[in-house]
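What follows is a pair of complexes built around chain A, which joins chain B in one and chain C in the other.
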Partner chain A sequence: MSDTTGRTIFLDGEEVPFERDETIFQVAERHRKEIPTLCYDDRLDAFGGCRLCVVELEGARNPVASCTTKAEPGMRVTTKSGSLEMHRRVLLEMVVSENREVDVDELSGYASQELKTLVDRYDARTGRFSGKTSGTSRPDDPNPFILRDYENCISCYRCVRVCAEQEGDYAITVMNRGFDTQITTEFGGLLKDSSCTFCGQCVQTCPTGALGDLKALRFAEVEKEVEKTRSICPYCGVGCAVDIMTKGDQVVGIQPAMDGPANEGALCVKGQFAFDFVHHPDRLKTPFVRDDHGQLVPATWDEALDKAAAGLLEAVNEHGRHSLYAVASGRAPNEAGYTLQKLVRAGLGTSYIDNCSRA
Partner chain B sequence: MSPSNDELIAQAKNEEAPLLPLLHRLHERDGYLSDEALRAVSKGLRIPIADLFGTITFYHHFARDLGGFEAPRVCTGPICCLKGAHDLVESLEGATGMPCSGRCDEPIPVIRGRQTLVGTSANELAVRETPMPPAKQGDHEECVFAHIRDPDRKTLDGYRRTGGYEALQKAVTSMTPDALITMVDESELAGRGGAGFPTGRKWRAVAEADGGPKTVVCNADEGEPGCFKDRALMDHDPHAVLEGMALACYATGAPRAFLYLRYEYPETEHILAGAIAEAEAAGILGDDVFGTGTEIRIHLRRGAGAYICGEETSLLNSLEGGHPFPRNRPPYPVTHGYEDTPTAVNNVETLASVPPIVANGAAWYRGLGLGDHAGTKVISLSGDIARPGNYEVPIGLPLTTLIEEWAGGVPNGRAVQAVTMAGLSGGFLAGEDLAVTLDEPSIRSRNSFLGAGGIMVFDDTRDMVEISHMAMEFFAEESCGKCFPCRIGTHRLTERLAGTAGPDDLEAWLDEVNDLNKTLKETSACGLGQAAPLITESLLRYFPDAVQTHVAGD
Partner chain C sequence: MSNPLKDMEKPDVIFCIGTNMTECHPVAATRLKRAIANGAKMIVADPRVIGLVEHADMHLRLRVGSDAALLLGMAHVIAREGLVDEGFIHERTTEAEAFLDHVKEFTPEWASTICEVPPELIEEAALLYARADRGAIYYTLGITEHICGVDNVQSLCNLALMTGNVGREGTGINPMRGQNNIQGAGDVGAIPNNYPGFQPVTDPANQAKFREAWGREIDLEKGITKVRALELAGDKIRAMIIDGENTVVTDPDREHCEHALRSLDFLVVCDLFMTETAEFADVVFPASGFAETEGTQTNTERRVQRLRRAVPPPGEAKPDWWIISQIAKRMGFKGFDYTHAKDVFNELCSVSTTYAGLDWDRIEYGEYQWPVPEEGHPGTPRLHEDGFINGRGIFKLIRYRDPAETIDDDYPVWLTTGRRLESYHSRTQTGRSSGIDYLLAEEVLEAHPDDVTAWGVEDGGFVEMASRRGSVTIKVKATERSPRGTVFSSFSFNDVPVNVLTGAGYDPVTDTAELKVCPVRIQPAPTRGSEAAD
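Moving on to the complex of A and B:
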């Protein structure tokens, strides 16, 4: 490839172009180098903690972290070598040695299999570097959403960083230092007493399942494959893309779609955890209308719409067109909102239309 | 009546780098940092409470229980352990250990509140002034110690009597910043905190960097075990350090400077605060330096107990009130330092070397070293040595000359078994490698480095595996927890040196330790993790028999 922009590096001997401000890791990702990492989440500022992504850079004394090193013209980078693979395996063996277990259920969270996948790829389940394990789990936290199993924490701080950088909640932090580091809330308390909004972003970025989706994990014992179906969150008009996880006919959990155009992996507490209505016995499955005694009884859509239309017309006839007032749901998208105001303005002849976000 | 939270917070809001001074005021007012006080700080300085909580737990010395501020902290650094520090912890009520607190040339130090006492047993603890560097040895000329023993040197009058502040006056009235930088450059002065980066080059990079205001930081977070040179300089010659800082400010165009002092030097804080006030009152520092209109303000900031804050980017994060993890580099502090402004971070000794260089010329300083080496280095010598203390040596002096001739050799008729280099960070030198000269090329050729110049001497009765264990335990305790190899690796090496975990089989043990050494050294994010394995590497190199006995028994 010819060097027209003056911005190329040599990646494992091949001259490749890079864009301004790109890191070596990002360039290598585009070229499918599959550099391992545990502390990296492309939505977050690169951290440089796990050191698995180290690459050899000609002229540098030691390997450099590719996630924090910007590409510069003429760099000669080696992403894979005997020495690098040795370091990566040793680092993974170290990580395995500090955790209670590596195998966690895939229902734990979106990224929960990252450690296990790398450990298997590097055949690092060797029992080397035995010693004290790190992290103190919080089974005393009674919240129904987020498992806090820090005995499986590897201190990559993705949870702390996503909470601060993506959510702006600053609910969690890291306390102490070195081997005693511990993810915690202010003063070591419960999540409900912190500024946590239970959005679950920490759960979804955790690469070890130390933070887990408690609602999904209720179905861990069901012996069926997890199927994922792409959909849109039904709650508000933002339109966050989600993957609905099912086992058979049972919805077992929700994961944010990292490639969702509106949310890029983000969700709020409702979209993330509030899906129990789907299988709830009280869920409405047909329209209801009131009978002559004022009791709600099941009806067909035609019956229900006829009844509603009749009621609206009656009100207009008796009290005039301005006796009506419509409130569009905040959960409705723009198109539905537009249709409603059209109905109200053109159909019913009043300008009394509002949205529940304001009304 | 002691000031309220609101009053202290209002005061802090008018200060540069307000978090640490505010926390210290609350810590001392209440005797600990209460939840209530921290919530007030969080609100007042707009720092998320979780972040603030995480950050204060990072530091060793912030107490979270009532009365914790006054509870005795006993130095359990390597040299103090040899003197019985653990017994002293046991015998003092409520006492806890603290990492090396920089008094290795004295009996064991104990910090109580704002006071340091020294002694080897509970009933003989007493306040003692910082030892003066021993009388000059040999016929080599000194630089930073040349006048330190002069009477009243620590007062402004005493300092000026032998030419103090004349270098600053000369610079601001008759030299351009560029000429000053060129002079420092030509002197070949290099960083004396351990990294050895050429000072003139650093200053030029800051002077030429875009953005501002420029900032100078004096790194006085002397946390390396076995290093106590900066304390001697600051306690006995505080104005020399301030003058060096002011010269750095003038050279780089910085109107402000911070002196970041380690927590364990409370008396030094008092001395420096007094010296800054004296110099400001005399128009030497402040907004009109020597009547030239130049503004140079020096702010004194005190750490709270964290070795990693001696690493310059951790220090900057600490100063800014953030979590003191090291930053990823590049960008370097010379372009993105304190609050992302171009910043020159220099060690105390480096800065104190500048006034004599300006007074006597670059060629004079270069000529102080032996052979091709430029300048001098203060060595903090401690351990099994007749006369421990700070010695300013010409760079290139043979190590044995320092130990045997200058410092009186090993006492009790014993011989040197090993010495540490760079405090602990350079690992051990022993055997034939003791024939090094005190300069980086010589020491680096033995897989070690001179660093900040701490040398601990161990005689032939000492258990080198146990000393290695103490050293590695220090690194494990001080590891910040940001990068995996250091956080886990220093802990695993400590366990293996203690014998509490790891294989019983020598070959398997060596296999693990060698892999840990290599991965720590080559993949750790900062100097702590990269240097820690020099301890185990040099132990294996010089004392393989002791290791075999430790792992597999006799």
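Moving on to the complex of A and C:
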């Protein structure tokens, strides 16, 4: 932590230090204040749009958005009071009134349960404001990855901001105002015809499921708990950390690990969406050996291992230990490459091994 | 990479050469875009208008295979303008005097005659990079997949050394590694010259160390590279084990490669699928893969991370390490009694110098970047901060060399090959994932509209593209992303096996194939559609 000398605020009566350029929200979050937010994603510039994070500031006429207000020495901040909680509840009631539905499947995306969680916490399904709704969904977009169900959009602009600030792609923007607000591509076209790369970041930051992971949602009807397993993307060398989502023995989707050291929540189209190969029917399920007719036919492990060992040994016995060559994979884990180089080195005393880095 | 990924947000001048990062390492590219949003300048050197160019301040549209000339011209300008970091070269480098003398003859005007970048742009780029407080170089296979790949890398090192852009935040010489664990494959010793941890096999002390560890004397001579092994297949090399590589599709000169595999007495392949390569095998083993295998992999910034099992593998598929250990045991070799990936990884750490301070439990959260020389060491996100491992940074005197084949009347067009965002290598995985076809359904040859017209073909029509080794039929896409006289294709689609064309030459030091340069001849072809209708 950097130097906080002389920098303290009073947070619900408790004097706490803060760092240079910290917002009230950041200080409060560190002290586990659980201030509600909808437009906040800690990877993005604070936006101050949803007004849920407002706090009372002594000396200020109105509550201020804690996400956009920098902490200053001596500030006295109240994060929770009767009137703040009522203000937050009314805002949530209005948000609920605009959307077609609040309950969306958790497979929709990483942040998809944020609205539902807050609505339940504030018991905001009162229906007091029901009537006019906003956002027009785009069922005409045939892309197989990103659901564009803007009837559940609350105009937090997290999708637009993540596309611009995190990805630098600027594929989507905001059109119109008020109830007519619409997230759109240039000229209102399909995502495929925009600068969208289908990295899925908009899906993962959407707090309502208006943007949803269509590939994961294929499994929404499967009545099993979603489990997450932390691993690393199988494609390029960046090494993005992912959470593999499973229902039983089925991989149903991938979510980026927000705390992944290499990617910090980012992914690309391959890591995000190209995982079906795992359960593809073409996967090899048994060993194969070449039979007397020259065909590769299924075999037991014992047969195949014996045949492999015998075939390799025959070459070594007839042509010497330098007649066996091993090619390791740049795709398989370290343990694969290690055992393979040990086989030629410890087994045959050669270094007749390479990997796919030269081509 | 000499520097960590997070440093990519810190340079004030970024020099990307031979890296199509927005397509091949998209998540890393987002960090460069953020650096640019914060005011960094970017120079992109690439023959094509790649995605990075949209974000660049300068695009040096060099001819394929002319990188060394461009970099010599830049070094000349930096030396001439007195922008050399004298303190750095005095304290940290050697051969500087000879190098600064050497580059005197390589003016931007000379470089321009070879690389086709206007001299004033070479000047401007050199000045921009040399005047940076934090200048960072990023490169990928566009630098290495040439017969002069080593020369190209050393030319980049020369630039970084002469300007002192090494060992500090936001600087460095940063190769972006291509495959998820290509870094790890070298780390663990799956290379002909080094034991695990890059300990040379030619050092008798290492030989003694591993004799002690594994109970067998291992040759003091280096092994041979895969390229040489394939050349010797059926002659000196009689049997092979290939783990998780679709050699036939991804290696150059497919004809030669298929012939090599057919010439073997015995071939064992481990893979997830019955790949084009597995079809040549005598025994094929089903390997477990992503989401199924416990293990570790090491990324481009040398970060060692855990892979975890989320689902059981299909049928009887097994982890690669288990398969290889079983083969080893049945060949009568000792030391393969592992019961879990953890045992293998911990043994690797015990014999490696770079992983010496790691073990299975310590890498739970992936916070270590090697070298981690001993337990308690925090890891080394940034290399060369206090000095170079081998003492001093050595300037190398590089001269430009032509590619193995250059264009002529018979083969007048430069083909360069690469990758696309949506597909990965030979598509064994992305090609089997739903939805990817919506974004990228087929391979196309990107060519300049004027060239397409000159060949007498319509945009979207088919051409026959031939090199000295073979020919393919491919659909043309007219685009100004390609310069005149240079065409581009990926090698991902098996129905357009571009690697029947490539493979004219190899770097003499690394045996890396010249996949980025291949003169071809292009003429209209009957569409494959009408052939199919027949």
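Everything that follows uses one rule, which is that the second predicted complex is superposed on the first by the 279 of 359 C-alpha atoms of A that agree within 3 Å, B and C clash if a C-alpha of one lies under 4 Å from a C-alpha of the other, contacts with A are read in each partner's own complex, and residues count from 1 in each chain.
As a working rule, a contact is a pair of C-beta atoms (placed from the backbone, for glycine too) under 8 Å apart; a residue touches a chain by one contact, two chains touch by 3 or more.
Please read these numbers as outputs of a predicted model, since none were measured by experiment.
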Partner chain(s) touched by A:79 [first = chain B, second = chain C, both, neither]: neither
First (chain B), second (chain C), both or neither touched by A:63: first
Partner touching more residues of chain A, whether chain B or chain C: C
Which superposed partner A:99 touches (first chain B, second chain C, both, neither): neither
Touching partner for A:204 - first (chain B), second (chain C), both, neither: neither
Contacts of A:37 with chain B and chain C, given as first, second, both or neither: neither
Which superposed partner A:131 touches (first chain B, second chain C, both, neither): first
Contacts of A:171 with chain B and chain C, given as first, second, both or neither: first
Overlap of the chain B and chain C footprints on chain A, listed as residue numbers: none
Sites on chain A touched by chain B in the complex: 38, 46-52, 54, 62-63, 65, 68, 70, 83, 86-87, 90-91, 94-95, 97-98, 128-132, 134, 154-155, 164, 170-181, 184-187, 194-195
Chain C contact footprint on chain A (complex, rising order): 142-145, 165-168, 192, 197-199, 215, 227, 229-241, 244, 246, 249-251, 260-263, 266-271, 273-280, 282-290, 296, 299, 301, 304-309, 311-316, 318-319, 322-347, 349-359
Chain A-touching residues of chain B, taken from the complex the two chains share: 35, 48-55, 57-58, 306, 308, 323, 328, 330, 476-492, 495, 500-502, 512, 515-516, 518-519, 521-525, 530
